[in-house]
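Read through the structures below before going on.
In the two complexes below, chain A is the common chain; its partner is chain B in one and chain C in the other.
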Partner chain A sequence: MHRRPYILPFVFGMLALIGLAIAPYLVFVYAGIEKEMGLAQKIFYYHVSSAFAMYIGFSLCFVFSIRYLWKRDKRCDLWAACSAEVGLLFCSLVLLTGPIWAKPVWGAWWVWDAQLTLTLVLWLIFVAYFMLRTHIEDPVQNARFRAVLGIVGFLNVPFIHYATKLWRTHHPEVVRGEEIGLPPDMKTAFFFCVLTFFMLFFALLFKRVSVEKARDELESLKAEMRA
Partner chain B sequence: MQHLEYMTAAYILIWVAILLYFLSLSKREKAIWKELRELRAALTKDNTP
Partner chain C sequence: MPLFFIQSLAILQKDLKIEWRTRERLGAMAFFAFLVVLIFNFAFEPASPIVKTAAPGIFWIATVFAGLLGLSRSFAIEKQNDCLMGLRLTPADPGAIFLGKMLGNAIAMLILAALILPVLVVFLNVEIAPALPRLILPILFGTLGFAAVGTLFSAMSLNTRLREALLPMLTLPMLVPALLAAIESFRAVLAGHPLSKIADWLVLGGAFVALFVAACLLLFECVLED
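Then we have the complex of A and B:
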């Protein structure tokens, strides 16, 4: 038996690799150094890009979870779980790089403001999502509970994105609606990093799905042998 | 070079985390495919008259 050619992870993986090779040049050489924050400002390029990748992950989980509850299609559960896992990876990166930026700029690793707290809550919800996956034995009940949690978790996302508008927060607001409050060189580097992280997100997602599909195939083969 | 250490720490963390996740996916995929191949081979062997 031969391994199936997985075109999508390969294509997106190559695009992400090209992006990741060019992005450091744009971030460290092309984009200027911000006067007040110094080099700490450069964390922003990957931090915000990770946040956008996280949004895609949890949005896809939301869409596939609704579809699973509606259609009871096992494939939707698989895609929802994989999107949530990759989304959780980027959410963890947001929560880890945020404090590294905050320490030199705010003088504190963490402040309990709305945007940060809601992101932490979102992370905890999706950690619970994966705890459910290992703790409920009935696969149908497991998928149903996770679908509900995936939907509830996603409802947090718009509040996180608009937290700087809804509440008085410490977090800077760089993206204001369609306007980006950055000079042209920083804007170019920023958009390039966002695009690269989108490619990276989809490369990891397609890879994760291919692993899960292979696992499903293995499980059904084992069941076939037992029968 | 104000705050160079913070910037370096953040970028190393991101790259290492993504690399580790990718490697763990590859490892899982390799193990599953190995098991699948072995099962298929065992099945074919059993079915051969």
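Then we have the complex of A and C:
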């Protein structure tokens, strides 16, 4: 067996590290303080960036799941599971940073806002994805069932989005912050954060994949030894 | 009639016959749904207006929970005597097997819904009779959406270590849009609104059914194979 290249996680990890070191400066010093929301708005840079990273994770899971069912290539399943895992991590970050922002701005930790509800439901669907992973013994069946869940779960996103949007309009007391038209300083900080989170996402994803590949290799080596 | 539908009707006929001869599934479902409605009564003060606003939610929660109970049996009966292997060996398309199973579950759910409605009238004191014709469409979409998602996952959860315990955890999050549509349109109809007022919810419910039935028909092959 040849050595796996570990260059990708290293490069992206370094970029993410540099980005994460600069981001606080841009967020807290460079970008101005928002007039209405004050300091609480600062979490927006990390919150929304996490949400973007979450969507990349779940969409990658969707794409790799379809590819797995089509080609039955074990590597596709590995990529799908790892993207779902890193996506779930960022999804949890969105759900954790959301209430911190919501409490000072909306006066409540949780409001049944359309986007928040969508994120929560997505979180539940992908937690179920990992439950499926832990509770099926046969590895091939495990991969197949997870692929089905990954596809169906992602197809459900527009429905959940539309449903929560319709539902929310029945509850007009919920007011959502409008984010259109950021001033240039905030825009710079925001795009920088999004880019940094993308780097972080891919660094984690590549690392996860290389760990899983190493584990597979170890298993096959062990099997060889026994034989 | 195309072969596909003949095959799924055969599966449906088989399931209905089993249910008719044993009568175990629907009985358990109906009793459980009845219990859920009763227990919900204790959660609210009797005869308070809250009960009436909560009635659509109580109806759907009772239907869905009892439905989950029935769904878990839907493939468990195929596990006995390796019936699932027999089904797999038939020349029937996996999609046809799914459709037959799903229709069987949907019929059970519709019967269940018809049984819960009078319970709602008696115990929660809700006026349902004038709204009854307009309730058909929301209930139909809700149960079909539930049956599609639930049938797919009940076939899956059968092969897990947790068995039936995993079914609600897979089904309920997936069902959120259909459930929201079903509850909100039920509520609007009870409040006396015409169907045109809830067109958005009905479109959502119908689209959910259409997409999930299509997706399950395509994906069921991957669930059945060994």
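Keep this in mind: the second predicted complex is superposed on the first by the 197 of 227 C-alpha atoms of A that agree within 3 Å, B and C clash if a C-alpha of one lies under 4 Å from a C-alpha of the other, contacts with A are read in each partner's own complex, and residues count from 1 in each chain.
Throughout what follows, a residue touches a chain if its C-beta (ideal position, glycine included) is under 8 Å from a C-beta of that chain, and two chains touch if they have at least 3 such contacts.
Bear in mind that the values here come from a model prediction, so they are computed numbers and not experimental data.
Contacts of A:F130 after superposition on the shared chain: neither chain B nor chain C is touched. Within the superposed three-chain model, A:W110 lies out of touch with both chain B and chain C [touch as defined at top]. Judged by the touch definition given at the top, the superposed model places A:T97 against chain B, while chain C stays out of reach.
In the superposed pair of complexes, A:A40 makes contact with chain B only, with no contact to chain C.
In the superposition on chain A, A:D138 contacts chain C only, with no contact to chain B. In the overlay built on the shared chain, the residue A:W167 is in contact with chain C alone; chain B does not reach it. In the superposed model, A:L89 lies in contact with chain B only, and not with chain C. Once chain A of one complex is fitted onto chain A of the other, the partner contacts of A:V121 are limited to chain C, with no touch recorded for chain B.
Judged by the touch definition given at the top, the superposed model places A:L155 against chain C, while chain B stays out of reach. Shared contact residues on chain A (touching chain B in one structure, chain C in the other): none found.
By the touch rule above, chain A contacts chain C in their complex via residues 69, 121, 124-125, 128, 131-132, 135-138, 141, 144-145, 147-149, 151-153, 155-156, 159-160, 162-164, 166-167, 170. By the touch rule above, chain B contacts chain A in their complex via residues 1-4, 6-7, 9-11, 13-14, 17-18, 21-22, 25-26, 28-29, 32-33, 35-37, 39-40, 43. Interface residues of chain C, counted against chain A in their complex, comprise 149, 152, 156, 159-162, 166, 169-170, 172-174, 176-178, 180-181, 184, 200-201, 204, 207-208, 211-212, 215-216, 219, 222-223, 225.
Listing the residues of chain A that touch chain B in their complex gives 1, 3, 37-40, 42-43, 46-47, 50, 89, 92-93, 96-97, 100-101, 103-104, 200, 204, 207-208, 210-211, 214-215, 217-218, 221-222, 225.
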